[in-house]
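Below: a set of structures, written as structure tokens.
Two complexes follow with chain A in common, the first pairing it with chain B and the second with chain C.
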Partner chain A sequence: MNAANESTTAADGDQVPMRAEWGTVLISSMLVMFLLLAVVSKTEAATLGSGDLALVVERANGSVQIVETTGNSALTRVEGLGDLSHASAVFSRDQRYAFVFGRDGGLSKVDMLEGQLVARVMQSGNSIGGAISQDGRLVAVSNYEPGGVKVFRTDDLTLVADIPALYGAGQHSKVIGLVDAPGRRFVFSLWDAGEIWIADFSAGDQPVISKFEDIGRNPYDALITPDGRYYIAGLFGEDGLALLDLWHPEQGVRRILPHYGKGEEKLPVYKMPHLEGWAVAGNLAFVPAVGRHEVLVIDMLTWQEAGRIAVKGQPVFVMGRPDGRQVWVNFAVPDNDSVQVIDAESLKIVNTLQPGKGVLHMEFEPRGEEVWVSVRDQDELHVYDTASFERRATLPAQKPSGIFMTARASRIGL
Partner chain B sequence: MIRWLAPVIISLLGVAVAHAATPSPQRQAELRHLLIQDCGSCHGLTLKGGLGPALTPPALAGKPPEFLQLTILHGRPGTAMPPWRGLLSEDDSRWLADRLLAGETQP
Partner chain C sequence: MNAANESTTAADGDQVPMRAEWGTVLISSMLVMFLLLAVVSKTEAATLGSGDLALVVERANGSVQIVETTGNSALTRVEGLGDLSHASAVFSRDQRYAFVFGRDGGLSKVDMLEGQLVARVMQSGNSIGGAISQDGRLVAVSNYEPGGVKVFRTDDLTLVADIPALYGAGQHSKVIGLVDAPGRRFVFSLWDAGEIWIADFSAGDQPVISKFEDIGRNPYDALITPDGRYYIAGLFGEDGLALLDLWHPEQGVRRILPHYGKGEEKLPVYKMPHLEGWAVAGNLAFVPAVGRHEVLVIDMLTWQEAGRIAVKGQPVFVMGRPDGRQVWVNFAVPDNDSVQVIDAESLKIVNTLQPGKGVLHMEFEPRGEEVWVSVRDQDELHVYDTASFERRATLPAQKPSGIFMTARASRIGL
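Here is the complex of A and B:
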């Protein structure tokens, strides 16, 4: 009995340490695994750069894809960003975080390296675009509903300033064409009011606002030249563009290329064109005509028209290759299956590509050897060689629209 | 012959005016796509408004379908609403106006 008891006890006694041992082994091996994982992800985070990454807006599902442009491959998808029709993005100066402006008024901060949504605020009912300040500390969002600009801290997205776009008898105007400018300024245009405003944050987080009235009817978008000096708003309600010299705002806004439509009746504009700082090549700026199937060329030394190029349809994006030698153009429906390439020297069309229905956006790699094109209706991203025009890669994406490369982080106005 | 044809043609025209023909299922799919993607570029993908106003049933309440159809076909001169008659037929535009009023706009 005793022996039996002893053996039972011994057995019991044995079993306890045995379980403990297994437990220790299990726990310690799990610990090792966790540590390994932590080390691996730490090392990845430490060794992976973000300079060759891009964010692709997938407008169907409120997601973005993060892709890399060295091997042209998809890395990950980030979900939960809300209604992303017409969404755009800017980047933190370290190129790690993207700030995505959604149509539903959501402002989302995405970690490009970890592939995670790190912060999100609903800042208005309906927004259109945004900009990041020169020092990278402020992110501004332009809104349709209620019209105005809201400015947030980039670190935690807390509200810093609220600038309602009030005009006339207290109406709100939709705001478009918001860009950053040197001197910790934001510049934007009021669609309904026909005004350009500068919000100057150089003295701190309370902006000083300067307003320029009567700049023309219905400014629809604007660009700032890559040096940050000239702000140019395109006009929808009349022919011409509005030009503001940010070195000399006291000189006011002047009209350039008035009457480019020569009084002829406009063709229907099925999609609002866009203006971007990319469209500057040397002394020339290339901008879409409104209601004419033409790209207008502006000589930036004289601010006179330097030519116009007949294209396939109503241009939407007119983008200069970073070296300025080529200009790529996409179109509104029904010509949104095509892309045309203009030689910036001869001002002639040198190629017409047909990526497929729903070409919504194009973005050059930082030095321009390849260009990414989103083809919405085919659920594809295409990467083209800009010298041979051959397609180098095709990636699946869900109703892709805007493509934004992190290299934008170091460019004024983008 | 001509005497016999005339009433037929007139009655055919009458039919076309009285009831817009429903677009084929394939055309309906194209129109739904157009409504979300292309009208959506101004009115918002969910048609809750953008540069153009909201096109939801509450926003359009009380507006006759013929009026919306005319807006779609001929646009609103002096505003950003373009005339779609180059791309859409009378039947297409009436069908779209009816979908908007009924709120049946998702694919």
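Here is the complex of A and C:
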């Protein structure tokens, strides 16, 4: 308002206008005030901390919502991001920008604070996720068509490196399970080739590639532990998991949990579980079983199975509350209207919630006091208090799927 | 620039001016442009992500610097915060605001994005740190004079609760080791009383207080593990540490590491080590020994000592790189010109740096690629690459001490 007042005074001070010209000056002054107010209010809107923001994928119509988790309210919607089925996002280290990976191969850069799409490249025909480097300067995308990884500068989305996933007699493999690791590295798996690769950018923008072959048939997803040390790929073509210790890549990939997978009975699998949601509480990791109505408990010191917890359906995401005390689970059809909460100490189910049909994703607020749940078929986002399990807020969203909070910017592997 | 162009067009479009009036319109238009540019540039300055900011305490003259860790540059200085010796800071959950706890009992609220002191209360005569609640709505300060904890609303710093640390025949105890814990709780220790208290605000702004007596003589500092489960106080009046499992407060406080402390030889202690900097890597915690030139290694599964690492001097802060692979150590006089780096796997020292006299604090960037070091006697901040150990940047600062990055906002206990 100060600036607007000054402008009025300045216009009055011209001392030129006679009576007939007052109209001109008045109109000019009003325009000045109007425009300044518009800009000033934009200024006020723009001065936002970015620590409590989240991006919500609206899969059906190529838009994302930007929401804030302090008052639990919607801020704005950004459109024009293409096919967002199975989309995910990572954040710049200052948390201003989100990089959204669309299924159609589009890589979109969204300004979280201004609520604008600021850059977009169609970088392949079909992609399946991405990662941002430890220093925040590189964003990598894993592609199905053509199979490989492309790496871009985060500032202007110019291509830095193109890593075709070639194997055998020059075939391209689909790439999945792409994560960032400490030391400006990206790690990813080759579905068709049965390989894990490390692309090391520590020496500059031309990566050094390390390849691990024969890691198992058809790795379908992967995760990295929160400390960035262990990379673990799930196998679709056989039972077991492939484990790579990134502190000791020279030791190669070893197989763990030989009974983890679809097993001999060949159960129908309604939706392959996601691995990136693995919950870690103390030494225990909680893992969605494949096909079974079970959550597996793994002792991370020995990488042996430490227990199984019966749950309502086939688990999809198994997410640990940030303090490790609770593990939240959602399910494939026909149980995708429910969420179950496991006490990480007693390994008992302490609550079953029914948000509604199409619970696709859950994201905890950074210190765990609330959790956001996307309920696709109800076009809603729910916010639950994780202590009382009461619903604190309900927000409209158009077929919401993934929810990504900016606190991921400061986490390894997210 | 768009807004400025529009304003010119609008003024031109009035269609009133004759030749003699062009001067007026031109001056008005120029003023419009000038003012708009001024406001627009303010807009651009204000649109900052807050994820890569840090607050640096300049202890000698009551100021803080706000810096950013992507380009490693200084943004602004905020003055008027009083006595900042031994000062620390916590952040609002949106990361816009820092709450700075001064030694003189001043609680200052700093707008990190606008670079302004926006509120300040003198809440006691002598204080020693504070914490912010899990939901970000309460900020608590631990006081020496008069001994107790005061709790304020983060939005306007109005007093919510006053918790005098009364014990025995109505004496006040100094309060130290105040941390936040999940469930909207604060945990703190009473130096004179030898007690640990939990103030539980989960039911509202009137806390439920739980008291644990006879926890040991003169607790001097405390920490909470990164998952918010274990609260551990160091004891000045005897050897050993006091451990409280916040998942099971009904089990009471137990004593661990009976040989941790000054020991029978009563070594001279040049500076009591800080406990909040404990490094955690896998199951191992790395702890500054008291008085000895050693870092102790503790197995957190058994709470038994698992090893000792000889270091250059009496350790003060023992900080883990976020991926747990390295542990950085600074020292009391006369070795406070050095920093040593321990490999967390081999337990060997892999580097010794000499930043200069008066290394008071270290803070890792959130994903660990760089570390910031305050070098008080050189009036400098150093930024080191944690892989190559090269110094990447040197920034001037006035007698810098604590460095606090906004990523703490999303962490339990920080």
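Remarks
Note that the second predicted complex is superposed on the first by the 369 of 414 C-alpha atoms of A that agree within 3 Å, B and C clash if a C-alpha of one lies under 4 Å from a C-alpha of the other, contacts with A are read in each partner's own complex, and residues count from 1 in each chain.
One rule holds for everything that comes next: a contact is a pair of C-beta atoms (placed from the backbone, for glycine too) under 8 Å apart; a residue touches a chain by one contact, two chains touch by 3 or more.
It should be emphasised that the depicted structure is a prediction, and the values quoted were computed from it without experimental measurement.
When the shared chain is aligned, chain B comes close enough to touch A:F236, but chain C does not. Looking at the shared chain after the overlay, A:D205 reaches neither chain B nor chain C. By the touch criterion defined above, A:G51 reaches chain C but does not reach chain B. Once chain A of one complex is fitted onto chain A of the other, the partner contacts of A:Y144 are limited to chain B, with no touch recorded for chain C. Shared-chain residue A:E213: touches no atom of chain B or chain C. When both complexes are overlaid on chain A, the residue A:D155 reaches neither chain B nor chain C. Once the two structures are superposed, chain B and chain C can be ranked by residues of chain A touched, with C on top.
Once the two complexes are overlaid on chain A, none of the chain A residues touched by chain B in the first is touched by chain C in the second.
Residue ranges on chain A touching chain B, taken from their complex, read 59, 83, 85-86, 103, 126, 128, 144-145, 174, 191, 218, 220, 236-237, 268-272, 333-334, 358, 376-377. Partner chain A is touched in their complex by these residues of chain C: 3, 6-7, 10-11, 14, 16-17, 21, 23-25, 27-29, 31-32, 35-36, 38-40, 42-43, 46-53, 68-70, 91-97, 112-114, 134-136, 182-184, 202, 227-229, 247, 281-283, 301, 322-325, 345, 366-369, 387, 406-407, 409-412.
Chain B makes touch with chain A in their complex at residues 33-34, 37-38, 40-42, 44-46, 48-51, 75, 78, 80, 82-84, 86-87.
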